[in-house]
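When the chains are written out, they are named A, B, C, D and E in that same order, and each has its own residue count from 1.
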Amino acid sequence: ATLDDVKSRGKLNCGTNTGLVGFAAPDANGDWQGFDVALCRAVAAAVLGDQSAVEFVPTTGKTRFTALASGEIDILARNTTWTFSRDVDLKFTFVGVNYYDGQGFIVPKSLGVSSAKELDGATVCIQTGTTTELNLADFFRVNNISYEPVPIETSAEAQQQYLAGACDAYTTDASGLAATRATFEDPTAHVILPEIISKEPLGPLVRHGDDDWADVVRWTLNALIAAEEYGVTSANIDELVANPTSNPEINRLLGTEGDLGAMLGLPADWAVKAIKAGGNYGELFEKYIGQSTPIGLARGLNAQWTEGGLLYAPPFR
Amino acid sequence: MSDLAANREIDRSRMAVSENVAIQITNMNKWYGAFHVLRDINLTIYEGERIVVCGPSGSGKSTLIRCINRLEEHQAGSIVVDGIELTNDLKNIDKVRSEVGMVFQHFNLFPHLTILENCTLAPIWVRKVPKKEAEETAMHFLEKVKIPEQANKYPGQLSGGQQQRVAIARSLCMKPKIMLFDEPTSALDPEMIKEVLDTMIELAQEGMTMICVTHEMGFARQVANRVIFMDQGQIVEQNEPEAFFLNPQSDRTKLFLSQILGH
Amino acid sequence: MTTLTDPPKDSFRLGMLIYDTRYRALTIQVVALFAFMLLAAWLINNTVQNLASLGKPIDFGFLSTAAQYDINQTLIAYDNQDSHLRASAVGLLNTLLVAVMGCALATVVGVLVGILRLSRNWLVARIMTVYVELFRNVPVLLWIVFAMAILIESLPAPRDFRGEDAPAAMLFGDSVALTNRGFYVPEPLFARTLGDLPVFGAFDISLDFLAILAVLGAGLFASGLIRTRADRIQNATGIRPTTWYLRLGVVLLPLIALLVALGFHLGYPELRGFNFQGGIHMRNSLIALWLALSFYTAAFIAEAVRGGILAISKGQTEAAAALGLRPGRIMSLVILPQAMRVIIPPLISQYLNLTKNSSLAIAVGYMDITGTLGGITMNQTGRELECVLLLMLIYLVISLLISAVMNWYNTRVKLVER
Amino acid sequence: MADLTFVRHEMVPEQAPPATSVGPRGWLRENLFSSPLNAILTLLSLGLIWWVLSHALPWIVLSSWTASSLGECREQIAAAHGEGTTGACWAVIRERYLQLLFGFYPSDLYWRPLLAFGLALLALAPVLFTALPRRLLWLSAAAPFVVPWLLWGGSVWVPVCVALGFGLGLAALRVVSAAAGGLAGVIAAGVVPVLWWLFLAWVAAGLLQAILPFGITPVESRAFGGFMLSITIGLVAITLSLPIGIVLALGRQSNLLIIKAICVGFIEFIRGVPLITLLFVASLLLNYFMPPGTNFDIILRVIIMVTLFASAYMAEVIRGGLAALPRGQYEAADALGLDYWKAQRLIVMPQALKISIPGIVSTFIGVFKDTTLVSIIGLLDPLGFSNSIRANAEWNGVVWELYGFIAALFFVFCFSMSRYSMYLERKLRTENR
Amino acid sequence: MSDLAANREIDRSRMAVSENVAIQITNMNKWYGAFHVLRDINLTIYEGERIVVCGPSGSGKSTLIRCINRLEEHQAGSIVVDGIELTNDLKNIDKVRSEVGMVFQHFNLFPHLTILENCTLAPIWVRKVPKKEAEETAMHFLEKVKIPEQANKYPGQLSGGQQQRVAIARSLCMKPKIMLFDEPTSALDPEMIKEVLDTMIELAQEGMTMICVTHEMGFARQVANRVIFMDQGQIVEQNEPEAFFLNPQSDRTKLFLSQILGH
């Protein structure tokens, strides 16, 4: 089973994007950074107790699923949309959603367009091999307007073409649009159109048929989300472990009560390690893509359910 | 040196030399870059003369005869061939070239054309001779060099001696007034040398003006009416063959002859 | 003294399998074949097992399902409801398009550069050397992305053509627009069109186009006749009549007549909406790929051309010059016919390389066969094995066809030699 | 007719050529303005050079080396050279050049790849230069084991045990061919080492490591990246493809029909498909072809496919070398009683390989350039890395600087290699043969 | 034809012919594809014999001697060399080859090995002689062919005559019982022919069994004890040299001799 493999190997193999602003990219020291990357680190911390025990395997839109299917990676955290055919036909298990996204358009303000429906005849840049490509085709078909797709391999190239005016609009997951816009010389000259033409729940996935491993990843993600809900942060977690609170849910999460860890086949403090790796969900969000970063994404749908968002960790019980 | 031609009887009667100047070279100088390869060449050649040029390797023999049909450019002095001065004027050069035939050491036949095509190419494209006529002329000269039966073969299928004879025939097809030979036999096996020399002797007997760079001293003695000895880019001595070989004047000539005949 | 006995009768011993020349060959081959089949069986068995455990048995059925994605450049009609198979066909045609265009341009540039490299002009020869070395020693993929980046960054966007004092303007009296989305050139249109001819119900061929081809072909044939006649006259009289105007006329006049009859006119590109509309749009991805492949390959072709010309010894030129032939004639009658034999084989293998390298189209998003079948289709259906095998098969067939042409040419040329 | 005799008693001294044909003027006239057409070409060329330089130079020179992000770069350039100046942001190279060169290789271990590639170069020297002492050939023999060990690290016993396989093969050849004859010896020499490598070598290496632990820090191939990845793939592929190529070439030359068919089929197949499809096989399919559960990492898989790719080209190069050998050499070897393998080893291969060296070098250059394609399947070679670097918020938007740097790296490497192969070609041509 | 060896005194005393059969060829036939190149060859060669094979080009001389060490396969009849029949058995072939030395027209030295290595290669790898011993033997034979001082040079550095002598020494190092020569002097310049013929004469004087395809009639007269004339793949005539040259029986032989001696 994957869990045992990972443990005996002492390393977690994690598939990431070869480079996507805010979600995964190697920094100057060669350390991978980003929102997707952080999830892998959390899983590594939970399973192996060491957040740096991760091998990052950069994958492209094409190679990502094979890498996972062939066992080259244990978990794919590469802004991958949870779709029916990927889950059912390609035989993967999506363990949850770490970012609720949707496909949007960015256009230069000077174009004078305020709705995607006005894009009749426009040239649209799009990354190939993604769900966005299919969504786009559907959107224009449904609205019975024409467009010209400009397929592109990487987001960096898409951005280059868009900025030079080789395409009128650029479409991808709204998170990507925001990230891209943030690095423009003059971000204010571009608008993200109001239409979100698809649902893009991005989440980590594992191979079909290894439920134990899927549980580990699923509940690590849930632990991060729940931690935010209960106010457990990397700052106060040591304190909370040392002096368990009166909230049994928190105690169970932190392993000071019950033996949830053992049920997963992990040490009792698995969630503590995972949360300490980079912080709870909210902390990670703020650190890599939130308002304080150049990318500056608002929580939006990705707020806790208590705040009107969609994040809703099942109970730790 | 082969003296295979020695036992041939030479008919010198038709080898008269006319009074008309064929080539007039005056104070000609040539440099390769800074290297002074031909120095102060003065040479008058009359129609019907058979000149043999000899000299040590690198003395400029090839360069001299290549200047005569402007394969090389000279930088000073003048060369007048058949009344036409060689300048940068392309028309003059064309005229001279079509009146001067040249045979090279390595034959330089065109391997992609048959022997016949080799011979008719220039007449057709330069002289604008009808193809049929050109072919007839070609066959005539091929017969003269004794290989009419090879006409439809390719050069690669012929022996060296045969190839050189084709090369001679090819030049003759342009009906040149002057023939230049640059060591025509030095790339050949001994048996083949004879074939080629025989052909050249025959040409000489018909009164063709010839300038021939060669070290075949037997040929020089029998055929030439003048031998020119070059060294260091200069004409050091010229004389009739008998006098040249038996009584050389300059020390350099003596040295050279002792080496070449000493073999 | 050895006495001669009858030679021992051949009785089969096991040792003969190894030490008898007749059986040895057989033994080795049987062993090799066995090993080979074992290896093949092992690989196939593994594959089948792996696929079975993944629940993805080999199945080409996906080819007939709807592709659902759009392709921006299609030579035959296509929309996103067509099958993956048709999408692949669109890709294949795009591959062939860029390969043919590339081979043509590469030949022109390569021959030019190869000849210029031999130029007596020092500066020109140096520049050509720099060009050749620069292109040969940097990976072609880098050249492709370079070319794309240059196009995108240095040409104006369509929006720059808009407005009163637009920063960019169309060329040739508003007929050609060079933009960073590609080049827009006038398209031929016919007022009295003959319509289309459906072929196998799969795609349409314009009858106008066919008619033009036919007239052009006939014109060229007539021009050939005139040429043969000129040859004949030259053979007979030695004088070659000047016929270029006749030959030109015989090609052009009927063509012009046909065009007039069809009501030929140009459709000019025009800035409408977001883009130029009308005219032929050569996309930047196609142009970048085309230029990069051509110039990269041209560097190699230039070397072949230079080598070919150098291989024809100086002696050949001199001999021809000594016969009084003019430089132009020397080139066409003596040097080129010989150089061709040396040049053509490497030339064709460069065509092969160019065609294979066109698979790098995905780097600039040109939708060739690797981009459709080996890219989006593979990605959306998850049928890696089928797609990659099919892809290889297609390239293999193209390569073998090109090699066959090369072999045919080689044997033909060899016959002429001896 | 005038008197024909002439004797020169005083030799004409060498004179300087007329001024128009030498010196700078002569040179200009000769090389740049020898005809009106040439003059026009010269002017056009000068125009072209001016155009290129006037566009490129300011950009290259008016640049920033110190910024820590693209935005900062723009500010610095605007501050230094005035608003609206566009200049290069070389700062990204300063910050990332080590990454572009070494990928994720641990920075304290950079000496290892450097040493390894230096060693590989040294090992090549005695093969190429016959003048060097023959004893250096031991270095060449050791390099294939030492270089990978330096690159990947780990226990020293692994390469030792792998090398031992060759020793075992040789021993098997000796023993078995003495006992059971030549062909059996050859078969044994093939089978024994393979068995050893497959089943025993790893055990033995593990045992030895347990008894006598000695090793250096292991580095996973995932840490390989950048230019080092290109060189590693190229070097390993070429080294391995040499023996495979030899076997294929011999097979293709052989008159055994089935063997010939297999070899021709393989060679033509590999040469008929683009490398990118083979890389797809490496990244998508190769694991399917292996027994369920085997998993080797993507770089190894890529190396396998690139090796197969290089082998096919190598086979053709070597076939050319074999074809260039006169038949007499084979016959002389036969007449002396040398059997097939001995003749190949002692007579044919040494000569054929020597003839093939320029071809081998140019195959190497080709393969090396083609390693850039691995970026398409997500490996971080220099080109792949340039994308990852641009995925950092600071460097998003940097294009030319990265491409330019990578192109320069490749150019320097390939150009020197190609010059070197030309030198070899010249040397081989003049060498007595 | 060169008869440079004529003025050499030949010691025929040691050139006795034994009663033992060295090579027995019986009803041997060979085809190249459908072309019948050797027809019904019957030939017995005794130990110590010196056979010269001659005949027009294409008559199958080379093919015949190449059959003897199985460089070519024959299709019918038998060839027994030193008691070993040449069949498809590789072991027999190896045995025969190591007892039969062969010298080719174009020497076929191994250019990548020094002269000494050329000579020691086969002894070391085929005969399994220790290197030291092999080198001693090699030096011995190199002395015999009078070029011991060249031992450490490469073949490319030697003249043609020297190369051919090395080739002979190389064969001798295998201590063969029989030596085959295929036109060993025809690729050489006249001066060098003498060197090589001298070496061969010396060999003959030591009683080596030799079969030599050559047109050196001087050599044949002095050394051979039998001359074999072949034409169209058949042995047309064989006789002692004096009888063969002075009194040829067959018309073909006469024609051939008139051509070859008429030069």
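FYI, a residue touches a chain if its C-beta (ideal position, glycine included) is under 8 Å from a C-beta of that chain, and two chains touch if they have at least 3 such contacts.
A quick note: this is a predicted structure, and the numbers were derived from the prediction, not measured.
Common neighbours of subunit A and subunit D (chains touching each): C.
Among the chains present, the centre nearest to the common Cα mean is that of D. Farthest from subunit B in terms of Cα centroid separation is A. A separation of 50 Å divides the Cα centre of subunit B from that of subunit C. Remark: subunit B and subunit E have CA centroids separated by 46 Å (rounded to whole angstrom). Note on chain placement: the centre of subunit C and the centre of subunit E lie 57 Å apart, centres being C-alpha means. Contact with two or more other chains is made by residues 18-19, 24, 145, 149, 153, 362-363, 384 of subunit C. Shown for subunit A are the residues that touch two or more other chains, namely 62, 66, 153, 160.
For subunit E, the set of residues touching two or more other chains reads 90.
Inter-chain contacts occur between A-C, A-D, B-C, B-D, C-D, C-E, D-E.
For subunit E in complex with subunit D, the residues that touch the partner chain are 69, 71, 90, 94, 97-98, 100-102, 104, 106, 108-112, 121-122, 125-126, 154, 156-157, 170-171, 174. Residues 61-62, 65-66, 69, 89-91, 110-111, 119-123, 128-129, 133-134, 136-138, 141, 147-153, 157, 160-161, 164-168 of subunit A touch subunit C in their complex. Chain contact summary for the complex, subunit D toward subunit B: residues 1-2, 4-9, 11-12, 14-18, 21-22. Partner subunit C is touched in their complex by these residues of subunit E: 19-21, 24, 26, 73, 78, 80, 82-83, 85, 87-91, 93. Those residues of subunit C whose C-beta lies close enough to touch subunit B in the complex are 234-240, 313, 315-316, 318-326, 329, 333-334, 337-338, 341, 416-418.
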